[in-house]
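Below: a set of structures, written as structure tokens.
Both of the next two complexes hold subunit A, though its partner changes from subunit B to subunit C.
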Partner chain A sequence: MYSRGYKSAVTIPPLLWVTFFLLVPYAILFCYSFWSVSSLQTIVHNWNLQNYAQLFRNPLYLTVLLRSIRIAGAVTLLALLLGYPLAYYLSFHAAKRKDLLYQLVIIPLWASYLVRGYAWKTILGSDGVLNGFLQYLHITHRPVEFFLYSPFAVILTLTHIYTPFTFLPIYASLEHVPRNLVEASHDLGASPFSTFLHVILPLSLPGILAGATFAFVLTLGDFLAPLLVGGPSGIMISNIVVSLFGAAYNWPLGAAISFCMLLLVVTLLFATERLEKRFTIS
Partner chain B sequence: MSAALTSAPFERTPSDALLSIRKVEKQFAKRPVLRSISLEVASGEFLTILGESGSGKTTLLRLIAGFEQLDGGEIWMGGERLDEIPAYRRQVNTVFQSYAIFPHLSVFENVAYGLRAKGAPRNEIPSRVTQALAMVKMSEFERSAPSRLSGGQQQRVALARALVNRPRVLLLDEPLSALDANLRRQMQIELKSLQREVGITFIFVTHDQEEAMALSDRIALLRAGGLEQVAEPREIYGRPKTAYAAQFIGQTNLLRAEVREGSASAGPIAWPAAGPSGPATFSLRPESIRLASNSQPPAASGATAHFQGQIKNQTFGGAMDLLEIDCGNSCLIRARVPSPGSLSGQQKFEFNTGDAVRVLESGGT
Partner chain C sequence: MSGATHSSRAPFLSAYALFVYLFLYFPIVVLIVYSFNGSGVGGFPPSGWTFDWYRQLFADSALWDAVLNSVIVAAVAVVIALGLGLPAALALDRSQFPGKALFRRLVLLPLILPGIITGLSLLMLFVGVGMKLSLVTVVLGHGTALISVATTEIFAGLQKMDRAQEEASLDLGANHWKTFWRITFPNLRVSLIAAALLIFTLSLDEIAVTFFLIGRDNTLPLEIWSRLRRGITPEINAISTLILLFSIATILIWYRLRTRTQSVGEVQTATALLPSSLEGESQ
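After this line comes the complex of A and B, so read on.
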């Protein structure tokens, strides 16, 4: 068996890490969410539930939260619609091009998130590539404004950024579908489409769930894309948190929102993990 | 003698060829895997494709199933070009070596899969599935998840899943190779009786020559992508065409002999033999050799040949012992004789000359 020294050498560092960089900050955040800001702009430690009450009383927060959920849902759906066919093609039909295509999908992940955000700003702006192109083709005669600074722009940008994250787990699960099951299905008289529906799709459900969770959770917490391309109508919940911790100087309310978001995401992760386990067959 | 005189339980006439494989070619990465394979399989026949790994036997099966495309030749089934139809439209089912049971479906749904795919009437499905599961003695597992079944049980489900579709040909790709020896023998017997019961043509792939002999109406021996011999088990054993066939199916002594004027001689052993003169190879099964009594003088008959040699090794085998006999001139003969007690020194042996079968020395066709 392992010696005590070895055991403590492997367990203590991660435990310390989790304690000081996760548990303690969460605890501090949790405490802040019960405090309040005085009229003198100082944080006073009078424990109360005002912040949580305000979340439900002020329609702004709920509206933005619902918008964030809608945007996250749309990004998830689009990322699945783009990522799944791509992963399916790569895994089952790409043959020799498989490695090359896989790298092509991965390469954008190496570029900075910010660069990709700015790229969309350049494409969608009133002097942008898209408007220039449309005017060149005489489809439009003046710059179209609504491309940029809208929920649409946020969805587009985030779909572009998070599709590879959705693609990867789906691809991994498709690669794990035993090929002889596909052959067995054909052998038993099922057409390629029926085989996809009854064998490949059910067996890749864990990957779909993992990919959807990635896209949804990452989008829900995103604040850069709305900042770059969202405009006032594209503001998401994280932007509110950022401003509460910044200019608005209301850390307690920001902490309360953060904590609610944390709860939401953790619940979601638990749920999808349990579902994934149910669909994963040894 | 052991030549094919006993009739197989199954009679063939050329007209009932169900499956016709004609000059089939297959390459992988320009390396030939199958070379001009022609084979007719009769309706209701149990045909075994026997060969060592890499001989192309699984590839041939996959071509019939439709998982691979031909590079040459044709496959016909009942007057219809089979190789131009996609796998899912062929009236052929496969039992895979790894069973390929759908892990996300119950045993019942696995067996029902083919019926549903082919659009069998809904009210017919439960009774047909139940019947198929009963046939392989798996009725009690109808609602089980496949992950809870043993290898042997999954094997049975795979068999039921294929047979429930009443295919015209059932392909079996080394279905018993993953089972332990006892279960394997039991499954062999069951498989054979099942085949007789349902009357479906079985094409069975194996590398196990004993299994092939026990089960088959005919054996097609495949070697490096070419057919070495296609014959009934008794014939292929008793009258092997080539040295390879003689060695692959059972044990044998290969005698490199010189034939001259109706007589063959291999070292100190000589016996009358017909056929053209010149160098020739003969196969002599160890069990064809008998101990000759020492006192009795060799009978001057053309039907038996005699030789003597030094006992080099004797392996006790219960009913039959295996002897290694050194006949001089680096001629080593193996004989399997009813356990004679401990033997040593010079001994006399005899064999029926008809048992020395002239075979072709095949250096890879």
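After this line comes the complex of A and C, so read on.
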């Protein structure tokens, strides 16, 4: 029903832009991952699989990758444990305060990443708020060093940042749970817990999947929190990429790692999309 | 409606929800409190209330240059993202073309893709075409990454729109352009303003993509970032508090605008980040 002119006017400009600024750059990234750096610090365009081979041979990369996956897994789990009950409370128990409580979650969601990361740094530091507090109460007598600059600090900070992200899709899916199904389950004598387990939880699985994907993918790609609060023991895979693109100057190897990350993200998205469809009732 | 019977007392759940809110707001409160702390960044209890850090902040010209850079970048990013997000949303909502699914995925990918990948691949593009890194490259990066936000926001607005008006306009002989300017665009105004606010705030805070595309002039987050590496001062608490207040204000306005066009449960931009969210209804 739309004229050809109108159709091309709305499709072609964004299509061109996205091709040039997203598709082409990803393709360049892909190409770089097969090149290498000469001893003179120039990029050599001889195609080979050296970079990918190095990823598997050098234990450093595998160690850091596994650590990143562990950290991302921990953040995902914690964000779900915090986000799901909160979403459930808002959807089923908040009644009139729903709107206000919802806004209270949205604010930290969109509020500055850097500001929140920095806040944790001031809390966890050796002369930070937490240590000051513990000494004030005479629980400890000298600063506890391991709060800051540890994987623990990274997990805490990122959980704080991604919990609202996880909350949102879960809340949306809980809001879509047909209330008459819940009602029917109650009427048929199911306990609240069994109603939750057999009716509400399965229907909110798409939201859980979406929330978990966010938390996992975004944590896996994070390089700022490790720099801010992680210290050497909290280094993650993206930090390696950053250093390869900076001081270490090995763009091709950095590109190979980035491309693996890109592939992982896209695979995860496809997988969750598949799963989501299976669990969604139409 | 029937949820009422379910709203029985749940003391444990309420307490848990309260705990989550405390966790979410604790760092924010600490940050604000210590921006007025006379004895520096850390320590407990905070003592010696002062406005010194704010005074120091207002006299810090390097920081204000960065603020100005950030505002310019964010404003241009809004124009780019809306300029391309609006047609993209129209295309996804009401036209069929080959490669539509791929197009949708590509446009939305930066929403969930870690900023480092978007940043790096754009860096390679700019280096490849011989462009010098500057605020221009930063703007192009922000604009590109935020088309995704513009598209989901405007798409949501389009879905809520009453189609009958557009159809009537077309039936009465107006062509598509006329219908767009007289009916679609005015109806979308609130969605566009809401999208612009959100994009502006996100661009102002953006750091992962900017990190790779920045030239000599810093944006505000990058300026703060470089200062953090030299050690932390309460001045950073002060600027962070101001950024926070600004974000909260824009987020609340965005939320109000957004709920004017749709019901509360449906304000779910972050859900729309997932590729599947633009499916189904659009077919």
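Miscellaneous remarks
Methods note: the second predicted complex is superposed on the first by the 281 of 282 C-alpha atoms of A that agree within 3 Å, B and C clash if a C-alpha of one lies under 4 Å from a C-alpha of the other, contacts with A are read in each partner's own complex, and residues count from 1 in each chain.
Keep this in mind: a contact is a pair of C-beta atoms (placed from the backbone, for glycine too) under 8 Å apart; a residue touches a chain by one contact, two chains touch by 3 or more.
In this text the structure is predicted, and so the values were computed from the model without any measurement.
Superimposing the complexes on subunit A yields a three-chain arrangement in which subunit B and subunit C fit side by side. Within the superposed three-chain model, A:E183 lies in touch with subunit B and with subunit C [touch as defined at top]. Residue contacts after overlaying the shared chain place A:G231 against neither subunit B nor subunit C.
Between subunit B and subunit C, an angle of 80 degrees opens at the CA centre of subunit A in the superposed model, to the nearest 10. In the superposed model, A:G73 makes contact with neither subunit B nor subunit C.
With both structures placed on the common chain, the touch criterion links A:V265 to subunit C but leaves subunit B unconnected. In the superposed model, A:L168 makes contact with subunit C only, not with subunit B. More residues of subunit A lie in contact with C than with the other chain of the pair subunit B and subunit C.
With both structures placed on the common chain, the touch criterion links A:V115 to subunit C but leaves subunit B unconnected.
After superposing both complexes on chain A, the closest C-alpha pair between subunit B and subunit C lies 5 Å apart.
When both complexes are aligned on chain A by C-alpha atoms, subunit A residues 180, 183, 186 touch subunit B in the first and subunit C in the second.
Subunit B makes touch with subunit A in their complex at residues 65-67, 86-89, 92-94, 96, 98, 100, 102-104, 113-114, 117-118, 147, 161-162, 165.
Subunit C meets subunit A in the complex at residues 1-7, 10, 13-14, 16-17, 20-21, 23-28, 30-31, 34, 41-45, 83-85, 87-88, 90-91, 94-95, 97, 103, 106-107, 109-110, 112-118, 120-125, 128, 140, 144, 147, 170, 175-177, 180, 198, 201-202, 205, 207-208, 211-212, 221, 224-225, 228, 232, 236-237, 240, 243-244, 247-248, 251-252, 254-255, 264-271, 273-276. Only residues 178, 180-181, 183-192, 194-195, 198-199, 202-203, 279, 281-282 of subunit A touch subunit B when the two sit together in their complex.
For subunit A in complex with subunit C, the residues that touch the partner chain are 1-3, 5-7, 9-11, 13-15, 17-18, 21-26, 28-29, 32, 82-83, 85-86, 88-90, 92-93, 95, 98-99, 101-116, 118-123, 125, 127-129, 131-133, 135-136, 160, 163-165, 168-169, 171-172, 175-176, 179-180, 182-183, 186, 207, 210, 213-214, 217-218, 220-224, 228, 238, 241-242, 245, 251, 254-255, 258, 261-262, 265-266, 269, 272-273, 276-277.
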